[in-house]
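We just call them A, B, C and D in the order they show up, numbering each chain from 1.
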């Protein structure tokens, strides 16, 4: 297999533009706080980081950003996951050569299990996911979103169709993703998965110590559900 | 392969209910502290985080939560792993449409090696694990737990049988897990593994420096067990 | 398959020399700050860490170092990725037995997607990447770099050719990389990928808590793009 | 494939004994500091953590522990890796039923590349590694260590032979490692690899901000070795 990658140039100014645009586009949808916040003297709650992985193709652009879970605090001070995180997909239509309109964007939030579906895709596998944002409410069926991931010669087509029966609209996006770009998506989503599940909160704290005595004998280890 | 995922809706209130239930169910069994604790002004020891990965199916629900290792502190201030962590599996029987009874839950704590067994399962592999919580004690054989993971068309059946010869009871749970859900389990358990082993405590600390002098020559590196 | 690894010895002094040399070589190109910095009382901005992975072969040496993304801060205090990071490859020609000339080094910065291309290479795959540092400027075409990764019996050849049409120079480097060394490259680049994308900034912060009430019922979870 | 795991029981007291023994055994060879240290008010330099992954079999025991790299500090405050870390293997002979003699232990430190060799082993691959701790010194050839990893029905045999031509001794250890145990070794070593390379020191620090202006146009990104 031979892969050829092309690079595009743009001025620093254009870069800044793009990102401020991304910011504009992501503000209502996706963001995550920076770890800096945890350690900063001020610890400003407002600090956010926007680091979407964006794929720009001829007809549309696709960007991915992890969305962290939310937690509910109990009287005990303990926390339970209130809503799991997701990996937010954002599609934008092209409106010119390498120009994309973020106001016409459509979002699709991959749940933890849907991320599992994506990262378990083999080279020949395809996958289709359906969302009805109003399922089991009176608005059920008003809007239907379907995301499909289908293999092609070098990589996958990632396509989103959004049908709004109220507005009688139907929007479609299709982004060809190379094997290399899909490897980035798989690796980044595998990295993000424990975070959007809340499993990254494993602590490094060290428990209060108990003195122990020396010995020369070695014993294997005990496992017992009941002592836990 | 074509995968279809279905989503269920529920009000925020029900969500909170579920989680407080989960908390109720996990309190005696599994929890891990939040990293927040390390940095918080107060550093409340009581802070816990509950982020189980839960799979809700027709006859039973299965949830997984990592359990961190415990350490013993020596006079030197050094710490040794006292008991390795695990990934705790919790099974709950269904008692109605998408309703599960956490009081009838059964637990099975996957050891480090058993997690290795799970994450090394190929698509056609199966795996059976036996626990006798009282092995090598006078109570040996009173209770026997067996967990089996068996492949099906799209994913695996994860089943637990608990036989209590004292109470003359036999409880069985079987949860069909999709390929996508199993990919989440494998990825999350692979992430958790170094943590439950205690290997996540690799430090980022920077040693006291030694001045060095410049040069234009490059030499490969030395390896020597004896200098360590 | 049988793999034999040979080790080379060198004095501590030579080691220091090599690293100060590496520092010299990397200063204009690659570095990343140490996490220590975040926690240190002084928090000196100047602190950098140089930890290249270097492969020393007969005709040339290759070393890899991750380069972190840069961020732009907005009035809101939010941050957007200004430039994504990369994995910087540095080639140096041999100028004697296990001696390499860092002044004749050539650099090739693997973008996020090019890292994806590298980590998705199968044992029989090859990959070729082209860079024109001045693309779309008046200097376009003056310098052309091409990196190729081609399989051999045990591993890959990683080769760089730099053609400078202005200086009428053509430099070539080729480093045979063993399967073991390539496994290190793949694993290290997979680890680095979320960092050079800026996705490692997922926070461990805990949100302000909301009190919840107990219940015995369990409900699956809601997913909705519109509520995000 | 059907895997059966057996568990051994031991009292808490025996557990403590084992670990204090491990400590005894590891003190001269392997340790890593706890992250806690970075955040603790006192930040005691002496704090160490011992979390070996130990496999206890009939004739010998094998344990693995990551060893972090050491750094050299320059006048600039920058740090360079002085010596890369390793994964230390410790073999101990059995001296009774599930009793092992740590005083007769032998060590083998897997280098970064040798860890790459281990984690790239396929189910049918074998691998042999040779160390001469005194290579290229006057003592060269006095001691020779060879580690072999060979596949068997369910997993691998990991064997170490140490020949000391001075003392005219020859010690051999062979530990059968199940597929599940090897999966733990591979996963844990893959996790440890970036740490022993020093690549875990990627920072979460946030750079000083620059104000940017809004726009509705989106541009792809620039990559340029020369600007770095």
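Following the convention adopted for this analysis, contacts are C-beta pairs under 8 Å (C-beta built on N, C-alpha and C of every residue); 3 or more make two chains touch, one makes a residue touch a chain.
Since the model is a prediction, treat every value here as computed from it, not as a measurement.
Chain centres computed from CA atoms place A at the largest separation from subunit D. Homomeric contact subunit C/subunit D is classed as different-residue, with under half of its interface positions used by both copies. Centre-to-centre, using mean CA coordinates, subunit A is 32 Å away from subunit D. The centroid of the Cα atoms in subunit B and the matching centroid in subunit D are 23 Å apart. Shared contact sites, meaning residues of subunit D that touch two or more other chains, fall at 7-10, 15-16, 19-20, 22, 34-36, 38-39, 47, 49, 71-72, 74, 77, 79-80, 82-83, 111, 131, 200-201, 204-206, 210, 212, 221-224. Per the touch definition, subunit D reaches subunit B in the complex via residues 1-10, 15-16, 19-20, 22-23, 29-39, 44, 46-53, 66-68, 70-75, 77, 79-80, 82-84, 86, 88, 107-109, 111, 131, 133, 145, 178-184, 187-188, 191-192, 195, 200-201. By the touch rule above, subunit B contacts subunit D in their complex via residues 38-39, 69, 71-72, 74, 76-83, 111-117, 119-120, 122, 125-132, 134-137, 190, 193-194, 197-212, 221-226, 228.
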